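Here the chain labels run A, B, C, D, E and F in written order, and each chain numbers its own residues starting at 1.
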Amino acid sequence: MSAYRPIEYADASLQVRAVFDDIKRTRQVDDVNNFWKYLAHDPPALKRTWESIKEIMAPGALDAVTKEMIYLAVSVTNGCGYCIASHGAAARKAGMSEAMFAELMAVVGMANETNRLANGYRVPIDAAFER
Amino acid sequence: MSAYRPIEYADASLQVRAVFDDIKRTRQVDDVNNFWKYLAHDPPALKRTWESIKEIMAPGALDAVTKEMIYLAVSVTNGCGYCIASHGAAARKAGMSEAMFAELMAVVGMANETNRLANGYRVPIDAAFER
Amino acid sequence: MSAYRPIEYADASLQVRAVFDDIKRTRQVDDVNNFWKYLAHDPPALKRTWESIKEIMAPGALDAVTKEMIYLAVSVTNGCGYCIASHGAAARKAGMSEAMFAELMAVVGMANETNRLANGYRVPIDAAFER
Amino acid sequence: MSAYRPIEYADASLQVRAVFDDIKRTRQVDDVNNFWKYLAHDPPALKRTWESIKEIMAPGALDAVTKEMIYLAVSVTNGCGYCIASHGAAARKAGMSEAMFAELMAVVGMANETNRLANGYRVPIDAAFER
Amino acid sequence: MSAYRPIEYADASLQVRAVFDDIKRTRQVDDVNNFWKYLAHDPPALKRTWESIKEIMAPGALDAVTKEMIYLAVSVTNGCGYCIASHGAAARKAGMSEAMFAELMAVVGMANETNRLANGYRVPIDAAFER
Amino acid sequence: MSAYRPIEYADASLQVRAVFDDIKRTRQVDDVNNFWKYLAHDPPALKRTWESIKEIMAPGALDAVTKEMIYLAVSVTNGCGYCIASHGAAARKAGMSEAMFAELMAVVGMANETNRLANGYRVPIDAAFER
């Protein structure tokens, strides 16, 4: 089956179903997103990626909504349409209000601008910031 | 004077000094970073960029440390060495602990990875995420 | 005619047709891809790009499928939807199996992740890797 | 200790040493690269990243040198100086000749060029490449 | 209202209408583009971004068409579909001919290629270019 | 010889010298930049890249300084340190004043910002811009 088709639960191997089940249980959802249905073409990658994400996105020193907003900031910077849609939804589910989203976008936009101003003016790192 | 040299306060125009003064007052620092000393070659850009950053980075729906961490996430994604150094320092000053930094980096790394997995598998946006 | 419309063989100049003919002959295909039909708006660019690609993609120290997989790795990293689709197809035609594709994606994802970890932790280049 | 300092084996926790030992054993090297010494500031990330890389970079449907060349192609596209240096060295160690490197660079350069030509001309995906 | 919906003039606040009116007056258009209708979800960002763009894009040392072509060059490099479409139209309106567009694309493509060749070969900056 | 070392004229093959001579003649310079001395490790790439650049950068519908500014805009967006230095110098040599440089940087910065705002707000392309 082409890697450009989703693998639905009914058609999945036991190995893939085990990951799908853990995603559904952890996130309290009825079905997994398309991302996982496509990555299921590579069962070890599916398992490795899910376990990494589960560990990374669990609340710790940063809470869930902050982590989702950072995920969204990266996705917007890279222009990944799928990830902007899915992590935008995830951030909102985790508590991102429209006001928070607006401020997030403003910071992301400004950072992308000043990154290039620093590049273009060839600004050397201040001694105070050096390792 | 070449745009690749810093403009120090002593050599700055009144217009540039006014911005430098406002940066120092707002941030409670003795001198401005190199970024501003280079951007001072374009006084309207200096003023416009500072006023935008002052407005955007002020605590609102997101607090100062969250904003600085988002700035850092973008800078790391773009690989801007200057901005990684300066906003890393700014985030720490605003309260980012080493544990928070580690979690931030883990999210940034994972987002950059899954952005490409979504691209490569050509994952279509789930109906639930559509506008 | 707008550059955002394809130029079909029937409407093409002799100069453009000569390139289209060489693409079809070299690749053993009945028609050229949209990429070439759009680039045909700039006949010198069409000729220059095709001749460069023909030279670069010919098997040499690297075989055809390896070259197409590298092309795909770059396109996925940049998020170019057209190129992911066209070079994904080209890589499969050149012999990339689904297992090879899965491993390619895993490497591309991991490289995009660790590129940012190296940026974020400001890792200095080991002396052993220095020029 | 600042995340911008390496953690040497002598100063590392048992948890970190266990990962360092596995890297040294797997790669048959006397010391780990700076990348790992910095990532050691986040022991779970160190372990997770190493285990993922060990799994991903093991020869499978693609051999070791092809995987290292793909890693290098991504790093060059992203402009990650550290990764270009370290994976350039790793690819050569895995068997990449200067001729292979030259062809790799030519493909990476051309892909980065045509990715933008496809963007700029707004080339629609050919029906033949559609899912 | 979701940030993923446009705010039309009839539904806009007085603050947003004032910006829309200034855009329409400045650009001599009957309606504002979707970009502004979405950014209107964050009225301070709308005002700040418009005032910055009005200042930056006004003819000065560079004329309007050159500025729009530079905008397009950046958007093509980043792969921003919306911006490629809107600034392609704006550049044409400002006087970019098809011949100018073709040359612009050729330069953008070549720059994206040689940026990576310089990265990959780890070319050190010539003393003559040093600050 | 390692690809990470320059090939000087005295050590170059006749094939490489022919390209170096043409660069020096065309650009009226005494020596070629490091870029060419490194690319000389791949003589066909050296010849192909130089001939493409010579053709692309020749004044046509766009003049030399505009082309160099576009090259610089792309290099700044990609964060290629070498290319920012070399094409900054080339643009100045072709006539870019400090005022033109400042306006160029302002446009590049703003485009990088609004590219991300368009991504983040998921702005759909206006019907007027559609093909």
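We take it that contacts are C-beta pairs under 8 Å (C-beta built on N, C-alpha and C of every residue); 3 or more make two chains touch, one makes a residue touch a chain.
No experiment lies behind these values; they were computed from the predicted model shown.
**Q** Please identify each chain that touches subunit A as well as subunit B.
**A** Touching subunit A and subunit B alike, sorted by label: C, D, E, F.
**Q** Go ahead and align subunit B to its copy subunit C using Cα positions, then give the rotation in degrees, nearest 5.
**A** Rotation angle between the two copies comes out at 180 degrees.
**Q** Based on CA centres, what chain would you say lies at the far end from subunit C?
**A** B
**Q** Among A-D, C-E or A-B, which pair gives essentially the same interface as C-F, with more than half of the residue-number contact pairs in common?
**A** That interface is repeated by A-D.
**Q** Is the number of contacting C-beta pairs greater for D-F or for A-F?
**A** Spelling it out, more C-beta pairs touch across A-F than across the other pair.
**Q** Which chain maximises the distance between its CA centroid and that of subunit A?
**A** Farthest chain from subunit A, going by C-alpha centroids: F.
**Q** Can you work out the whole-Å distance between the CA centroids of subunit E and subunit F?
**A** Chain centres of subunit E and subunit F, defined by C-alpha means, are spaced 21 Å apart.
**Q** Quick check: how many Å separate the C-alpha centres of subunit A and subunit C?
**A** 27
**Q** Return the residues of subunit A touching two or more other chains; collapse runs of consecutive numbers into ranges.
**A** As it turns out, subunit A has residues touching two or more other chains at 2-4, 41, 45, 49, 52, 77-81, 85, 88, 102, 104-106, 108-110, 112-115, 117, 119, 121-122, 124, 131.
**Q** Please categorise the chain-chain contact pattern as a line, ring, star, complete graph or other.
**A** Drawn as a graph, the chains make a fully connected set, so complete.
**Q** If you look only at subunit D, which of its residues touch subunit C in the complex?
**A** Interface residues on the subunit D side: 3-4, 33-35, 38-39, 41, 45, 49, 52-53, 56-57, 60-62, 66-67, 69-71, 73-75, 77-78, 80-83, 85-89, 97, 99-100, 102-104, 106-108, 110-119, 121-126, 128-130.
**Q** In the complex of these two chains, what residues of subunit C are touching subunit B?
**A** My answer: residues 72, 76-77, 79, 81, 84-85, 88, 104-105, 108-110, 112-117, 119-122.
**Q** Going by the contact rule at the top, pick out the subunit D residues touching subunit F in the complex.
**A** Touch residues, subunit D against subunit F: 79, 88, 98, 101-102, 105-106, 109, 122, 124.
**Q** For a test of understanding, state which residues of subunit E touch subunit B in their complex under the given definition.
**A** 2, 4-5, 44, 48, 52, 55, 131
**Q** Could you pull out which subunit F residues touch subunit D in their complex?
**A** 2-4, 41-42, 45, 49, 78-80, 131
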